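Working notes, beginning with the structure itself.
The chains carry the letters A, B and C, assigned in the order they are written, with residues numbered from 1 in each.
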Amino acid sequence: NGILCRALKTKNPPSFTVGKTFQLDDIIEAQQFDRDILNAIFEVARDMEKIEKNSSGSQILKGYLMATLFYEPSTRTRLSFESAMKRLGGEVLTTENAREFSSAAKGETLEDTVRTVEGYSDIIVMRHFECGAAKRAAATAGIPIINAGDGPGQHPTQALLDVYTIEREIGKLDGIKVGLVGDLANGRTVRSLAYLLAKYKDVKIYFVSPDVVKMKDDIKDYLTSMGVEWEESADLMDVANKCDVVYQTRIQRERFGERTDLYEEARGKYIVDSRVLEVMPKHAVVMHPLPRLDEITVDVDADPRAAYFRQAKNGLYIRMALLKLLLLGW
Amino acid sequence: NGILCRALKTKNPPSFTVGKTFQLDDIIEAQQFDRDILNAIFEVARDMEKIEKNSSGSQILKGYLMATLFYEPSTRTRLSFESAMKRLGGEVLTTENAREFSSAAKGETLEDTVRTVEGYSDIIVMRHFECGAAKRAAATAGIPIINAGDGPGQHPTQALLDVYTIEREIGKLDGIKVGLVGDLANGRTVRSLAYLLAKYKDVKIYFVSPDVVKMKDDIKDYLTSMGVEWEESADLMDVANKCDVVYQTRIQRERFGERTDLYEEARGKYIVDSRVLEVMPKHAVVMHPLPRLDEITVDVDADPRAAYFRQAKNGLYIRMALLKLLLLGW
Amino acid sequence: NGILCRALKTKNPPSFTVGKTFQLDDIIEAQQFDRDILNAIFEVARDMEKIEKNSSGSQILKGYLMATLFYEPSTRTRLSFESAMKRLGGEVLTTENAREFSSAAKGETLEDTVRTVEGYSDIIVMRHFECGAAKRAAATAGIPIINAGDGPGQHPTQALLDVYTIEREIGKLDGIKVGLVGDLANGRTVRSLAYLLAKYKDVKIYFVSPDVVKMKDDIKDYLTSMGVEWEESADLMDVANKCDVVYQTRIQRERFGERTDLYEEARGKYIVDSRVLEVMPKHAVVMHPLPRLDEITVDVDADPRAAYFRQAKNGLYIRMALLKLLLLGW
């Protein structure tokens, strides 16, 4: 199952049409977004920034109820979605221990659980430990489903906020140069980001990673097929000097099993610190999906090019936009 | 205590009078409802169906605060109550680990906890692992208490939604024929349902269960004393052919201790599947308190007579009605 | 760290000025309150009692979002804050397992967590297991932080509600006579209360405790330096006969390690029961921060002088007042 379930299968066509009748039904995977849909979502997200800054708040989702059905805890993601819903006047039903009323506990199927919860709410945000769970939920439910991460599978709202952040920070996506740094083999974040960037013109991607966690061939082949230039580099300073975006990621100890020596070597190899900042262009930014450990040093935070907390905040705007689009439409 | 605490002691008189001054104070046990009270609650529940379908939502409980004080998790029940409160414009304080600030953790009594929580809320929905806990809470609190399950004791809102569902699905309660199937010895659901059905005229009840989990004598004696016809049957097909309602229940492994052979035999004995549907009358329905395992096969779901997800949804309307009646009165 | 982290360092000056520009920024520790600030908070708290009794509720915090960031569960405190926010029309994001997205789980610093959560909310109520955590959060955050307990450190809203309760119950603070009973060595509650009472005139404090948990010298020296009369007594009856307030506390077993014999001796030594009530003046009250075990017998509850549940309720008014002051100002 871990083998069958790749974070991105890159052959699915976009599943929505854009136009006067633009309507999102569910948010399941990065492959469902084409360039027009991304533009439409980002336009609504920019409106959401204005709403959130207006202290009296919006009430456009008043009377709507969102259920956060989390089969594994992810406080950061959950709070972001719940904040988004409440900033728009909506209400939330929370469950962080959905396993308890699920198959794991009493043998109920995911489908049965979804049929029950859809009776209590207007939209379900689901986090699950199994790849494909969100798609199964969407096939069952008569209300919209948002995938907030399905195990080794996808986390599409993270991918959206990453692309949105690049556009907000750099002012463009066509012609962008992005360095992806860290664990490129296991990080679903960087895989989805690479996939979405391929929808834009003249994009150049640099992969910077320890040997044991290099980007896999499926994404490289896909980029090549889409005409995206990419190269692998062992020199973070050189890449930082050329890029608009240095996208750093955390190297996760659990990926290395008992080879803690390899982990320690990999983890210390590419650190974004003040020396990296020195060679970066003035307009460039450092991004990170958070949480970070020491792969970005704390002194970087004070630099205006440290974009990672703004990036986290953009997650709020993207999620507000998606809730609006799914519940009220365009 | 397990012996003293029977799910139903059938001698208590109804504790409310109906009329212009109809007022529910607490929801503690099935015995507190007579036919007039059931009718009144069902009338309000039908109004709630209309409110819930109106997307702008109701605000009749705006400014009211419900505390869900759960000493053991029950996500399904909790979400149903919280959805009911929010659908009416009310607000919720949630705690799923009430044990933590209770006697189990620091030695505080239930009464002290209730006295504190009633200072923060307008109504308490309580789930507890001890029989009688809701009654103790109601004796202490100056605000309404709803029993959302007290261990081996009662779960009165489930009993109400079951009767409500039969009326909604079949259109009557007098003259109804109901087959209760599965674990009749331990299921508080079927015991409460049998008790409430006895309030209606010309009711016929069939008990269909493996020998080891047969309906106990107290309920049989009560039905006899109330003039309710009942019989035990080993033939599900025959019963399904005659009944308006086939009420299936889950057989719980934990009831069988180390006798897993008996469990496996009992659990496979009475399955509701397409063959059962074939002999059921067209107007009849299949009910189940959920979650189900394989005692109803998944292919049954597509049949319009599969009423169990509508039944779960009716739980929302019943709980909306109870919150309205307890907080605003008739 | 346990040694460095005293519940009260008594040399910090008050950090706010009162007047037309009175503005609270954060609630971190008892030392930040002087007499004028206490008066101002109590004045707003009295207004809040009126708002809470008005069933239609207040909407003054409509559109505001409070995050309860609890690194250790404390259901009682959390519910009190969440009720306060909702009684004023505000909304809440809840997390009881903040450790999961914190350093303990993935190595993220408290500062990074706060920077993320402040993007989703307007105010953070934080409970942490480390002394000084709230102060660090306040140094990082651009939004107000309320300390809801930081390990062996402070719990300033408890201290405020205690002083508020004395004023509400007795009608004055100047000239008050207070008996502090129980575990005076470890209880941060009684330490903070003693500290705040020293801001009033002609206060007399009696310390009544088993030898092993006597009040420490730092507080005694501070009281002396502030001109507060205090004495230690082994005779609860004599103190109860003289005091306006008998403030009882729980003796915690975990403070005694393996010396359960000392615990059993200490815990049974000073019990507030009907005999204590008999010698107490008619206008006096019994207070307790709750939860209680058997250090106050249950028969005391019926006496009008049992103020501890009113005291818990006052926590709601104080927290409503603080939320109003921090979010809307004076």
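By definition in this document, a contact is a pair of C-beta atoms (placed from the backbone, for glycine too) under 8 Å apart; a residue touches a chain by one contact, two chains touch by 3 or more.
In this text the structure is predicted, and so the values were computed from the model without any measurement.
Any chain touching chain B that also touches chain C appears here: A.
Where chain A touches chain B, the two copies mostly use different residue numbers: shared numbers make up under half of all numbers in play. Put simply, the C-alpha centre of chain A and that of chain B have 42 angstrom between them.
In chain B, the residues that reach two or more other chains under the touch definition are 94. For chain A in complex with chain B, the touching residues are 62-65, 67, 91, 93-95, 97-98, 100-101, 106-109, 112-113, 115-117, 119-121. On chain C, the positions that touch chain B within their shared complex are 55-57, 73-76, 78-80, 82-83, 86-87, 94, 96, 250, 290-293, 298, 309, 312-313, 316.
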